[in-house]
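Going by the order they are written in, the chains are A, B and C; count residues from 1 in each one.
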Amino acid sequence: MPILQTPLDAVRRRRRSPLPGLGLTLGVTVTFVTLIVLLPLAGLGWQLAQLGISDYLFVMSDERTLAALRVTITAALLATLVNGVFGLLLAWVLVRYRFPGRAALDALVDLPFALPTSVAGIALVALYAQDGWIGSLLAPLGLQVAYSWWGIVVAMVFTSVPFAVRAIQPLIEELDPAEEAAATTLGASRWQTFRAIILPQLMPGILTGTGLSFVRSLGEFGAVIFIAGNIPYETEIASLLIMIRLDEFDYPAAAAIAGTMLALSLVLLVAINIAQTRLYRRFERGS
Amino acid sequence: MRRPLLIALAMLFAFAVIVLPVAAIFTRAFAEGAGVWLSAITAPETRAAIWLTILTALIVLPINIVFGLCAAWAIARFRFPGRRALLILIEIPFAISPIVAGLCFLLVYGAYGPVGAALQPYGLQLMFNLTGIVLVSLFVTCPFVVREVLPVLAVTGEDEERAALTLGASGWQIFSYVTFPNITWPLLYGAILATARAIGEFGAVSVVSGAIRGQTMTLPLQIELLYNDYNTTGAFAAATVLALLALVTLILRGLIAAFHPARGATS
Amino acid sequence: MSLRIENLSKSFDGGTSVLDDVSLTVAEGEFVALLGPSGSGKTTLLNAISGLLSPDRGRILLDGEDITHLPAGKRRFGMVFQSYALFRHMSVAQNVEFGLRVLKGAERPSKSARRARVAELLDLIEMGDLGDRYPAQLSGGQQQRVAMARALAIDPRLLLLDEPFSALDAQVRQTLRASVRELQRKVGVAAILVTHDQTEAFAIADRVAVMNEGLIDQIGSPEELRAAPATPFVRSFLEAGT
C-alpha cells in the first residue's frame, strides 16, 4: 500500500483541474519540445562532453578563435552602448512628446524585427559602401564603414535597437510626472531631475534592453556577414567561424565555439533576470 | 527648446539607421527599371526560392498553431511537475543565436548525429533538404504563439470553461465555443510573427539547407547567393519581396494591436 | 430528485483537510444553504457536488444512484457561479441556449425548439426583450438572472448556487433573493446555496447547514438554529451576523 501511495497522489494532484485535455495537450507539447528544442540542445551538450577539457581549450586558445570572439564581443559592446543611449532617447520621445509622425516613428522601431537579416545585410552594404548614400559622404573624411569592424557595429545596432526601445518604453509610461514636478519645486535642475529621479526608475528597463540587445548582437549573423568583410583575425565574427568550421566538417571545433557563445548568452540572460528582480524589489520597498 | 531638439535627434537616428537601409533596397532594385526588377524576381532560381520559402511557411504555420495552442492550454490550465522547466525550454530559442541553433540540429539529426545515423539505413535524410529547413524553422519560431496566447489564456475564462463543463459541453466544445473566441487575436498575432520569422530566417537555415541551387535555397539564402554572384540587381529585387512582406507584417501587427487592446509583448 | 452525501472528505496536497467526513441530505424541492466563513469548506463541498472536484473519500448519491465519479458534464446540475461566468462573446440568448446546443445527436433539440425554450426562460427571468444584448451591456442583477436562466435551461436535476448575490448591491440583492427562490419553487428543483451571509441564508433557505473547518457543525431550519445553536462556533457566528 505505501508503495502505491506516491504515484496515486501524483495522479490525483494532476487531476485537480476538472477541465479535460491535459493528456492530449501535454503529450503534444512534450513531444514537440523534446524533438525540436531538447534533443538538439542535448546534441550540443553531448558533442562538448565528448570533446573533453583539453581539446576544448585547444580550440578556444586558437588565435583565430580568440580574434573572432574579440571582434564579436567588442562590436557587440559598442553597438549595445549606442542602443542604450538612442534607445532611451527614442523611448522618451515616443512616450513623452506628441508630434506629427510619432505613430510612424513608433511603427518604424519594429522594422528591424520584421526585416529578414539577410535583407538588412545587403541594405546596409548598399548604404555604407563607397558608392552608397552614407558611404560616399564618409569616404572623403577617410572613414570606411563597410567591410570594416565599424560595419559590424552598424549591423548590430540595426538589428538590436528595438530591444532597447521596447524594454524602456513601458517604464517611462509608468513614471509619475508628479515626482518630476516635486523635484523641480525643490529646486532641482532638469539635469538633476533626470539623473536623480528619472534614470534610477528606468534602470530595470535599460538593463533588460541593453542586455537583450547585447545577446542578440553576439549571435547576429545574417546582417553582419554582408557588411563585415569577413577577414580572419580582423572582421570575422564568431558565428561565421562556426559556419567555416562546419564547412570543414570540424564539428568539435564548431561545437566548442558554439557552446561558449551559448553559455555566455545564457549566463547573461540569467544575470539580467536576477539583477532585474533585485532592482524591482528595491523600488517596491521604497514605495 | 529641448523638446524639438530631442525629437529631431530621435527622428534623425531612426531615419539614418532604419529608414535609409530600406529605401536603399528599393532604389537599388529599381535602378534599372521595373522591367529588370520583374524579370529578376521571376528568374527560375529566384522563383524556386520563393516557392520553397512559401512551402516552408505553409508547413511550419499549422504545426506552430497546434503546438502553441496545446502548450498554452496545458501550461495555463493545469499544474504538473516540470511546468516551469517546460516554459523555459519553449522560450530558449529566443536566446540562442541562429548559427548555434542550426549547429545543434546538425549534431543530432545530421548524418553523423545519433538520430540522423540511425535513420540513414532506411534512406531517410533529415538535414540538407526541406525537412531540415522545416525543423530549424520550427525551432526558431516555436515561442511566438505560446508567448502571445498564454498570458491571455491565463487571465481569462477558466470560470467560463467550468460553466460550460457543468452545462454538459465536451472538451472540444469547450475549446471551440468558449476558449477559442477569447484567444483569436493573440493567436493570429503570434501566428503572423512566427510566419514572418519563418520566412525571413537566414542563419539557422543556412546551416542545414545544403545550399543546392534552385532546390534548397530559401529566399533569404538566395539573396546571399545572388549577391555573391555579383548579381546585385537580382539580390536587391529578391530583397524587395521580403522587405514588402516585412512591411505587411508590421501593418497587420498594427491593425491587430488596434483591435486587440492588450498589446502583445514585442519580440 | 433528492441528494444524499455520505462521509465526504477532501484534502489538498495531502495537507489539512478541507472537508472532513461530511454528510448531508437534500430532499426533493428543498432549498438548503451552506453557511460559513471563508475557508470553512462550503465551496469545496459545492464543487464536489458539481463534479468540478473529486473527493478523496465518501459517496454522493442522487435518488440512490452513485454519482461520486460521474464527470461534471454528465451530472446535469445547473450551476450559478460567483462571477456568473457568462460567455462574454455570446449574446444573452446564446448564453442561455449553450447547454442545449452542446447536447449530442438525438438528445439535441431542434433549432426552433431551442429557440422556444430560450424565449420561455427569458420570459421567466423577465428579460424577454434583451436576448440580443451581450453580458457587458447588462447590469449586475441582469447578469445574475441570465446565469440563472442558463443553469435552468438544461432542465437541471439540482441547482447549485455559489455566492450568487455577493457582487450585487444591497437593494438588488433583496429583490433577486426573492426571485431566485420563486424561480426555484416554480421549476421544482432542489437547490444548494453557498453563502457567508447569515441574513441571506436565513431569508432564502428551508434548512441551513453551518460549516466550520471542514465540518457541518449544525443543520436545521432557521428557527431551530436561532433557538438552539449546537456549538459555541454556531452561536458566535450567528451572533456576529445579526
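Annotations for the structure displayed:
Basically, a contact is a pair of C-beta atoms (placed from the backbone, for glycine too) under 8 Å apart; a residue touches a chain by one contact, two chains touch by 3 or more.
The model shown is predicted, which means the values in this text are computed figures rather than measured ones.
Set against the Cα centre of chain C, the chain with the most distant centre is A.
Each of A-C and B-C has its own count of C-beta contacts, and the greater count is at B-C. Centrality by Cα centroid goes to chain B. Centroids built from CA atoms put chain B at 17 Å from chain A. Chain centres here are Cα means. That of chain A falls 52 Å from that of chain C. Chain B and chain C, compared by their mean Cα positions, are separated by 47 Å. Residue positions of chain B touching 2 or more other chains: 162, 165, 170. For chain A, the set of residues that touch two or more other chains comprises 13, 16, 18.
Within chain C, residues 51-52, 72 each touch two or more of the remaining chains. Taken together, the chain B residues at the contact with chain C in this complex read 159-160, 162-170, 173, 177-178, 181-182. Within the complex formed with chain B, the chain C residues making contact are 50-52, 72-79, 81, 83, 85-89, 98-99, 101-104, 150-151, 153-154, 160.
Chain A makes touch with chain C in their complex at residues 9, 12-13, 15-16, 18. Those residues of chain C that touch chain A in the complex are listed here as 12-14, 51-54, 56, 71-72.
Partner chain A is touched in their complex by these residues of chain B: 2-3, 6-7, 9-11, 13-14, 16-22, 24-25, 28, 63, 66-67, 69-71, 73-75, 77-81, 86, 89-90, 92-93, 95-101, 103-109, 112-115, 135, 138-139, 142, 158, 161-162, 165, 170-171, 174-175, 196, 199-203, 206-207, 219-221, 223-224, 227, 235-236, 239, 242-243, 246-247, 249-250, 253-254, 266-267.
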